[in-house]
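Take a look at the structures below.
You will see two complexes here that share chain A, one where it goes with chain B and one where it goes with chain C.
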Partner chain A sequence: MTLDVPTTVKLASYVGAGFCIGLGAIGAALGEGFTAGLANQSISSDPRKSGDIIKNMLVGQAIAESAGIFALVIAILLIFLESPGTSLVKAAALVGAGLSMGLGAVGSGIGSGYPGGKACLGISMQPTVSGRLTTNMLIGSAVCQTPAIFSMVIALMLMFLDFGKGAVSPTWAALLGAGICMGFGAIGSGIGSGYPGGEACLGIARQPTASGLLTTNMLIGSAVCQTPAIFSMVIALMLMFLDFGKAPPSPTWAALLGAGISTGLAAIGSGMGGGMAAGASCEGVARNPDTIGQTTTTMLVGQAVSQTPSIFGLLVSLILMFKVYPEATTLAAPMALLGAGLCMGAGGIGPGIGNGMTAQGAVTWVARNIEAAGVLTRTMLVGQAVSQSTAIYAMVVSLVLMFVV
Partner chain B sequence: MEDLTKIPQFVIKIFGVNLVFNVETIIMSWIVMAALILFGILATRKIDFLPNPFQVVAEFIIGAFYSLTKDALDAKMAKKYFPLICGLFMFLLLSNWLGILPKLSEPTRDLNTTLGFGVLGFFIAHHAGIKAKGFKGYASGYFQPIFFMAPLNVIGELAKVISISFRLYGNILGGSIIILIVSHLIYGLVLPPVLICFFGLFVGSIQAFVFTMLTLVYISVQVK
Partner chain C sequence: MAIEGADLVKAAAFIGAGLAMGFGAIGPGVGEGYAAGKACEAIGRKPEEADLLTRTMLVGQAVSESTGIYSLVVALLLLFVV
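Take a look at the complex of A and B:
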């Protein structure tokens, strides 16, 4: 059995399609299940409103489903694509496209489930504002879909742009890395921006007069949650459009793959962490709308510090991409660079979520006890600095792997 | 696509040392400074009980940041550090907004600018810490919780400089790269302006505020 180039490209597109819809089906299903579960709870607490609640549940599920539908569209395109690619670079690009869309749909699917479910609960608590709740749910879930849309854009670019000009060897890694980076990077932001959406829906039911403030606060919080996904998109675009053809193939392929993995994985924790802080802020504003200024300030500082691990990931990726490497004859140098990316990426997940938990606690209590805002913010920062130290260890080790080994 | 990460540079050779100037960044920072000085003159020229529009904006910014500084530090120290905090915010805000005008670019798109402000904040925070607690009290902070944590505490402090400056740089550069690539790929009248508004005005304002607040709370963590 021999493999010529067009056959390999075709095979790669089938593998990509499998990754795409296989992974992409995870998130949407989880999100819809969460919505339906809370809809059951809401109906049992107020059975007379079952019509409104079921209608809201179906609308919420439809939005959560759209992440899965994006993945389905990309998978079908991958299967039936008459690929223009004549080089093996196209094969890597197609697998990357599948990974980008498949992984990217996970977070948005899960995240969109939260506003849907919490809006159902809200309708059972406060049936008079059901229209406003559905509107807020639609806005919140639509923001959750942003990372999936980023992933779809990167996947479409990987499928339809022509990358055939560069040399095969480092370019395949750049394109595969771009797909991996965007795919992983979209997970955290998708899940994270669901938290403020859900809490804002619950808050509107609790405090209908503050609904304008809550929607604004939700939008600011969930827009800042997108930062890790935006970092991943930037690294993915750089990997796709910068020219790596002149660099020696042997260690560069590992560096480019590592650059994608580093930012992609590190963005998972930061996205989720930022979402936790934003959710606590929406909950706090609903409890006491007068505290909105201080609560939003603490939320922004908390989110910014939660994003630090993804910034370390970005730093490692930039160094991996722009460092000049000598030609490597053994496998040691490529493995050190790949290890640097993996180390920073995986090491960034936990600190991001941990910092988010700290910020969540601080924001929750600032809203309840505004006089103590100064000392709460300081305590949050000191706690986050300690929780972040593991990300710093990971960064030190990956810098050692890049510069010393 | 080659202009993705290109920075125009101007090199002077003095005594065998190459002095490299990033021309665009320097000119853009001067534009921001000139605009701020003009704003200051317009706001304070005729201070009146019935304020002119510039005075209203200036009073709003100063009032908001004075109360933020007072909450984080105390009233006595707020008087000392407030001009820095307020000036930093106004400079960064205008820098991040500059990119929405054609032909101009954000000075904060250059890592040198943001790293400069990060290092500035680092030294000011540590100077404030030494002044407030004395050198012994300041230095003993590094040996918490146990003495052998000292190297890691030092690395942790240095990592703050990296994170604060790369946060601003990454957001602004990321926005401009996304705008550049989107406007290369589609010829639309709708999407690029929307993206410019989102990244320039919204993300720019949030990141200017976050940078300023982080500088402030880093000072506050050191002195308390």
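Take a look at the complex of A and C:
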């Protein structure tokens, strides 16, 4: 049995559609379930406020749903698309589009559930500020959707741009890699920016007078959380628009796929970690608004260190894309480059989350005990440095795979 | 491109090295971060015990690091020995 090119492209678009809505449905459902759970908890503590709480829950869930709706739209487009592709490259681009949107919706869906749920809790604690809480929830959840929107943009570009001019190999790997990179890269930032959104809602309920400060603090924190998703978008765009057609197909295909995996996976940890620090900062400012300067500073230092693994991932991706490879006749040469991408990508996840947990502990206690800010910042940096070590091992192994073996 | 046995073994060793160090780095990264976060909380509560707490944190992290080092050793074995 042989497949002609249009049939293969059609097959790829159906597979892409399956990935897209299958993965894309995970996050929105989890996020909305979290919101509904906290809404019930809130109603049980103050049943008279159920009207406000249910209204807030539905608005919050609607925003979390949008990530799932983006995935649905892309999946339907993939199914009914009259593909302009006359080349096998299009098949890879369509699978990449499905992965980008499907994976990319996971984080945003989960993340936007936090502000929704915590705003419901806040209404039961402090019914007088329910309007202010819903507003803050909307701002916080909207920021959580940013990574899903990045993913949708990359998916649409992969679907509708014509990549048919270059050689099939390694261009297919560049396009598939772009989709994987943006998809994974959006997960961490989406989940991470949910934490400050949720804590800011709870904080406004606790300390309504500080609501302006809290919204600002939330926005600073969640903006920093977007960095890993932006790195992923940059690498995805580079993979789509740089011309790799003249490079030898093997091992370049593995290098390009590895480049996408490296930044995409490493961004998961850094996005979540940055969010943990930002959430602690919002919580701390609500508890003790006078400490906002020191708390925000500690948060930013902690977030900056949490970004390190995603920067390592970016570095490995850039090396994989721009290194000049001789034509490889063995299988070992491409596998070394694919292994380098997997190693740095997966290796960056844990340290990113760990650095965030460290920053969370430090920021929480700077707000409670500002006299200890110096020793806390020092301990945080020492702890983060140790937690970073495995990311450095992963980078060393990646560099050995790229340059030594 | 003809794939020979020795080439296939090398290819598998390289992918294996990447997977070993990549996945092996996840646990220690999270675990050490958790230990450090708790140490910061404890120092926030009792700043006068900062030295003892930092020491305990470092010992705990060193133990948590061990599986990361195992992964590194296995990755290096796969890269340079087998």
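Points to keep in mind about this one:
Keep in mind that, in the parts below, the second predicted complex is superposed on the first by the 405 of 405 C-alpha atoms of A that agree within 3 Å, B and C clash if a C-alpha of one lies under 4 Å from a C-alpha of the other, contacts with A are read in each partner's own complex, and residues count from 1 in each chain.
By definition in this document, contacts are C-beta pairs under 8 Å (C-beta built on N, C-alpha and C of every residue); 3 or more make two chains touch, one makes a residue touch a chain.
None of these values were measured; they are calculated from a predicted model.
Within the superposed three-chain model, A:V301 lies in touch with chain B and out of touch with chain C [touch as defined at top]. Partner contacting the larger number of chain A residues, of chain B and chain C: C. Applying the stated contact rule after C-alpha superposition, one finds that A:V382 touches each of chain B and chain C.
By the document's definition of touching, of the two partners only chain C reaches A:T364; chain B does not.
Once the two complexes are laid over each other on the shared chain, residue contacts for A:F312 go to chain B alone; chain C is not touched. Of the two partner chains, chain C is the only one touched by A:V397; chain B is not. In the superposition on chain A, A:F231 makes contact with chain B only, not with chain C. Of the two partner chains, neither chain B nor chain C is touched by A:L38. Shared interface residues of chain A (contacting chain B in one complex, chain C in the other): 382, 388-389, 393, 396. Residues 1, 3, 7-8, 10-12, 14-19, 21-41, 43-45, 47, 50, 53-54, 57-58, 61-62, 65, 68-69, 71-72, 75-76, 79-80 of chain C are the ones touching chain A in the complex.
Every residue of chain B that touches chain A in the complex is listed here, in rising order: 1-2, 4-5, 68, 71-72, 152, 155-156, 159-160, 162-163, 166-167, 170-171, 173-175, 177-178, 181, 185, 202-203, 206, 209-210, 213-214, 217-218, 220-221, 224. The touching residues of chain A, counted against chain B in their complex, run 157, 220, 223-224, 227, 230-231, 233-234, 237-238, 241-243, 294, 297, 300-301, 304-305, 307-308, 311-312, 314-315, 373-374, 377-378, 381-382, 385, 388-389, 392-393, 395-396. Taken in their complex, chain A has these residues touching chain C: 250, 265, 269, 273, 309, 329-332, 334-336, 338-362, 364-366, 368-369, 371-372, 375-376, 379-380, 382-384, 386-391, 393-394, 396-398, 400-401, 404-405.
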